[in-house]
Amino acid sequence: MSAVAASTVDASLFALCLRLGDSALILSQRLGAWCGHGPALEEDIALTNTALDLLGQARLWLSLAGEVEGAGRDEDALAYWRDDREFRNLLITEQPNGDYAQTMVRQFLFDAWHRLVLERLGEHHDSRVAAIAAKAHKEVLYHLRRSADWVVRLGDGTEESHARTQATLDLLWPHAGEMFLIDEIDGEGLRADWDAQVDAVLADATLCRPASTWAQQGSGQGRHTEHLSRLLAEMQVVARAHPGAHW
Amino acid sequence: SAEERAFQEAIDADIKVEPRDWMPAAYRKTLTRQIAQHAHSEVVGMLPEGNWISRAPSLKRKCVLLAKVQDEAGHAQYLYGAVETLGASRDALYEDMLAGRMKYSSIFNYPTLSWADIGTIGWLVDGAAIINQIPLCRCSYGPYARAMVRICKEESFHQRQGFDIMVSLCKGTPAQKQMAQDALNRWWWPAVMMFGPPDGESVHSAQSAAWKIKLFSNDELRQKFIDQTVPQARHLGLTIPDADLAFDAASGHWRIGAIDWSEFYRVIKGEGPCNVERLAARNKAWDEGAWVREAALAHAAKRAKRSIGEAA
Amino acid sequence: SAEERAFQEAIDADIKVEPRDWMPAAYRKTLTRQIAQHAHSEVVGMLPEGNWISRAPSLKRKCVLLAKVQDEAGHAQYLYGAVETLGASRDALYEDMLAGRMKYSSIFNYPTLSWADIGTIGWLVDGAAIINQIPLCRCSYGPYARAMVRICKEESFHQRQGFDIMVSLCKGTPAQKQMAQDALNRWWWPAVMMFGPPDGESVHSAQSAAWKIKLFSNDELRQKFIDQTVPQARHLGLTIPDADLAFDAASGHWRIGAIDWSEFYRVIKGEGPCNVERLAARNKAWDEGAWVREAALAHAAKRAKRSIGEAA
Amino acid sequence: MSAVAASTVDASLFALCLRLGDSALILSQRLGAWCGHGPALEEDIALTNTALDLLGQARLWLSLAGEVEGAGRDEDALAYWRDDREFRNLLITEQPNGDYAQTMVRQFLFDAWHRLVLERLGEHHDSRVAAIAAKAHKEVLYHLRRSADWVVRLGDGTEESHARTQATLDLLWPHAGEMFLIDEIDGEGLRADWDAQVDAVLADATLCRPASTWAQQGSGQGRHTEHLSRLLAEMQVVARAHPGAHW
């Protein structure tokens, strides 16, 4: 393999690791904010569980990203010392928590994608990628079961919960589209599988699939929503106040 | 009565009381209050530490902190489970706390002002909690004793993690070390007060001791904490904020200066730095979660109805 | 009709139309829509810039930005005042906007992603607004024309402040300069599109021109903006993100490449990066403010009743 | 004057400038967050106005603080490069915006104090202090008129507004006490004047003065509530990301 080809492979692999790692990290950060503020103790525990799984995955992906990059950046260098324009998380992961419906719909739309992507990455030619994907896939199956279950409960619960859930679904829907614009993976096939799964859950939840086909995008180029820079300001503040410190 | 005598004899013989056993009303009431307050403490205790999850300075520390706060929610679950075996309603007890009719540990009415507070809470607050709780693993009420066994195991893990944060800070930059000292300065006395008022002022102790709900006096446990902690502080190179602290070679104990009990009673009374906010945060979560809990119930009811319909 | 003829003759003679004058229903309707949309734009325009007030990197810049956003609220006030002279209800118009039945300037559906966006908005967006608005100072409707005089004065101040931010960034560190270039890359085309669709596709222009509501065509104004801005960008040392940009020596104009009008129509349709959020933020403020407005009214009513009581 | 005495005077003057300057800065920062989110356009304008006045005052106080300190720190060095433990703003100024009642009650309790303090500082022996105080005093008279007016409107408005305002008054009351623990000024006299004024407005507003006499404190030693470090993380993020940059 020529040097050029190798570096192209590495760049694409690096991008993939950031895509997955940043998405997991940012969503985990959002979920962590529920800790102590959930609607029931059991939910606090379950949300924290998901946050922990995602954080664990983020660490694996970012460590691998650093390894692939070969510039000496470890998971913390990547998490704490990049600016928002350098983050590659999906836009949907940085959307605010909102109410419980918003958190759960966001989670469901993401989980459904996450599971399918990890399934495909489980057969990636790079064994390190395949190994992380296989481990994460197991965890995500559980996340998806839970978030789908909540979407059904809230959609098919009370009048109020139905209205809130439909509103949040309409709100978040434009952020779903960019999930399928991923290198290395067949976006169309992914979308078809995702659609089938999401449609089934929405039907159970008595929710209407939004008609809009428009997809918000930009995160692949580091063009995020206004939310990310605020999230990072908080996440990175202590680390950045003490450059070079060990914790 | 004969029942009371038999009850006390069983306790004296170290036979555990189980939920279906006969027990004196006062025993049930005392235990209900004690376990519920302990459960509430775990729930409220999630807040001060939760305050730093978003800002943990490394991903590993963030993981550990998330897991710790999750454990606290789990402890609350065990404890609410134990208290329910006494015939109490978990929601009713929780609402008593929300309304300010039941207490939780006063230590959580202090703010967490820097990352070093997370280390200090693990080291001192969990350290004190363990000393308080280890004897409870042998307490007379079976479900409580068993819950405490699980909890103590996890707490000692937390305590080591907290101390580990302190080690990193104290081996770190001058700013990190200063952060650690500042946190110790603020948490030391509140931690010392976690064992409750001095023995002379502590009420109900005799009965609780006879029932094996309380196995050591406040001052005994406090001394144990001090003897354990002072050398740790020295090992870290931190100074305990007590000019009167001295080693008493005769007894082999560290003796501390006078405790400002007025602060203790003030915070219990509601005048701690964060009492209002902690309760407000828990009330907000509960109130804003109402529609979610209702939706879950409504959906469960619909589903049950449908499955009956299908069965018919 | 005779009235219509007299109306047009007055306009042709540059006599201002005043609120009590007779005017054609279509003139009133067109103006109401135009002024209201302009007012709504000022209100929504507070959001993208307001997003950086809390993070302004120096106290002086924070002051200037706060004052600017306040000016925008003031502009909205003048404009709602002007539209009320046409017999419209300010609240009704505002609620039309909240419900998505009335538009505001599409430019505010783009996000502000860094501090440099604040400079760029002042420089480009206010720059474009001024070019759009200066002719309106001479428009036929008196109250609108007078409001525009005040507004244009302030806008040109804002434009200079925005440019001044850009100068600082471009003379600053490489990271600052890169931030400035990045902001220009994102805002350039949306700013160019602020003048509306090309003349061929613009509707109602002829009638608006005859009424002296619209004095120049979209493309004329756009060209003016480009000719003004390109040298400024060069002065800053920034690159305009248009490979086809070229100076046409014959005409003395800068010629830009093809505009992606599909983006323009998409954003107008509601599919811009922030349409949903901007409307949601305004609706939230309005809804959450309802109890405050009600309280103020209730108190005023009580006070009025008491003063009548006292007078009786 | 001996060098020791001079440095004592300076330290106390420095502390005074930080007390006033930080309080104005932090409250201004809170008010700025309302911009574009107020209950009516007129309120957006009025709140911004107050925010601007306070920010202007903060700049004067912090510049003077830097001058007194003589260590070469200007207003921005003091605003952007100190940590929460070094800030000396009153605790009440860092309390969250909450709803409009909370913002207005916070403002009223602070304004009533602010006006009285500035009145007294108008006769300060240091002419620089006296000049800033005189200028600020004029602005604060207007702030106070407005915030008192709103407390009355909300207290004596609807049932809902009354309940919200009373609740927020109870919530914020413990943060009022530390305002009177100020060096250089007779706290008891200040408190008496403040009490008289506040009581009159509360009576008009049909609100009950909270019975508690307990005072939350600590800001004089830089011991703040959990809110300040978050507020600063946001306020300082851009400046700190670019050390040494000019803006």
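In this document, chain identifiers A, B, C and D correspond to the written order of the chains, with residue numbering beginning at 1 in each.
Just so it is clear, a contact is a pair of C-beta atoms (placed from the backbone, for glycine too) under 8 Å apart; a residue touches a chain by one contact, two chains touch by 3 or more.
What you see is a predicted model; the values in this text were computed from it and never measured.
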Intersection of contact partners for chain A and chain B: D
Whole-Å gap separating chain A and chain C, where each centre is the average of the chain's CA atoms: 36
Whole-Å gap between the CA centroids of chain A and chain D: 41
Rounded Å distance between chain B and chain C, as computed from the means of their C-alpha atoms: 57
Residues within chain C bordering two or more other chains: 55
Chain A residues counted as touching two or more neighbouring chains: 229, 233-234, 237
Category of the chain touch graph - line, ring, star, complete, other: other
Pairwise chain contacts under the document criterion: A-B, A-C, A-D, B-D, C-D
Residue ranges of chain A touching chain B (in the complex, touch as defined): 25, 29, 32-33, 35-45, 48-49, 51-52, 55-56, 58-59, 62, 75-76, 79-80, 99-100, 152-154, 156-158, 160-161, 164, 234-235, 237-239, 242, 244-247
Partner chain A, residues of chain B touching it in the complex: 43, 46-47, 50, 53-63, 66-67, 69-70, 73-74, 76-77, 80, 115, 165, 168-169, 171-173, 175-176, 281, 284-286, 288-296, 298-300, 302
Residues of chain D that touch chain B when the two form their complex: 84-85, 171, 174, 212, 214, 216, 218, 223-226, 229, 233
Of all residues in chain C, those that touch chain A in their complex: 51, 55, 111-114, 182, 186, 266, 271, 273-274, 276-277, 280
Chain A contact footprint on chain D (complex, rising order): 83, 229-230, 233-234, 237, 240-241
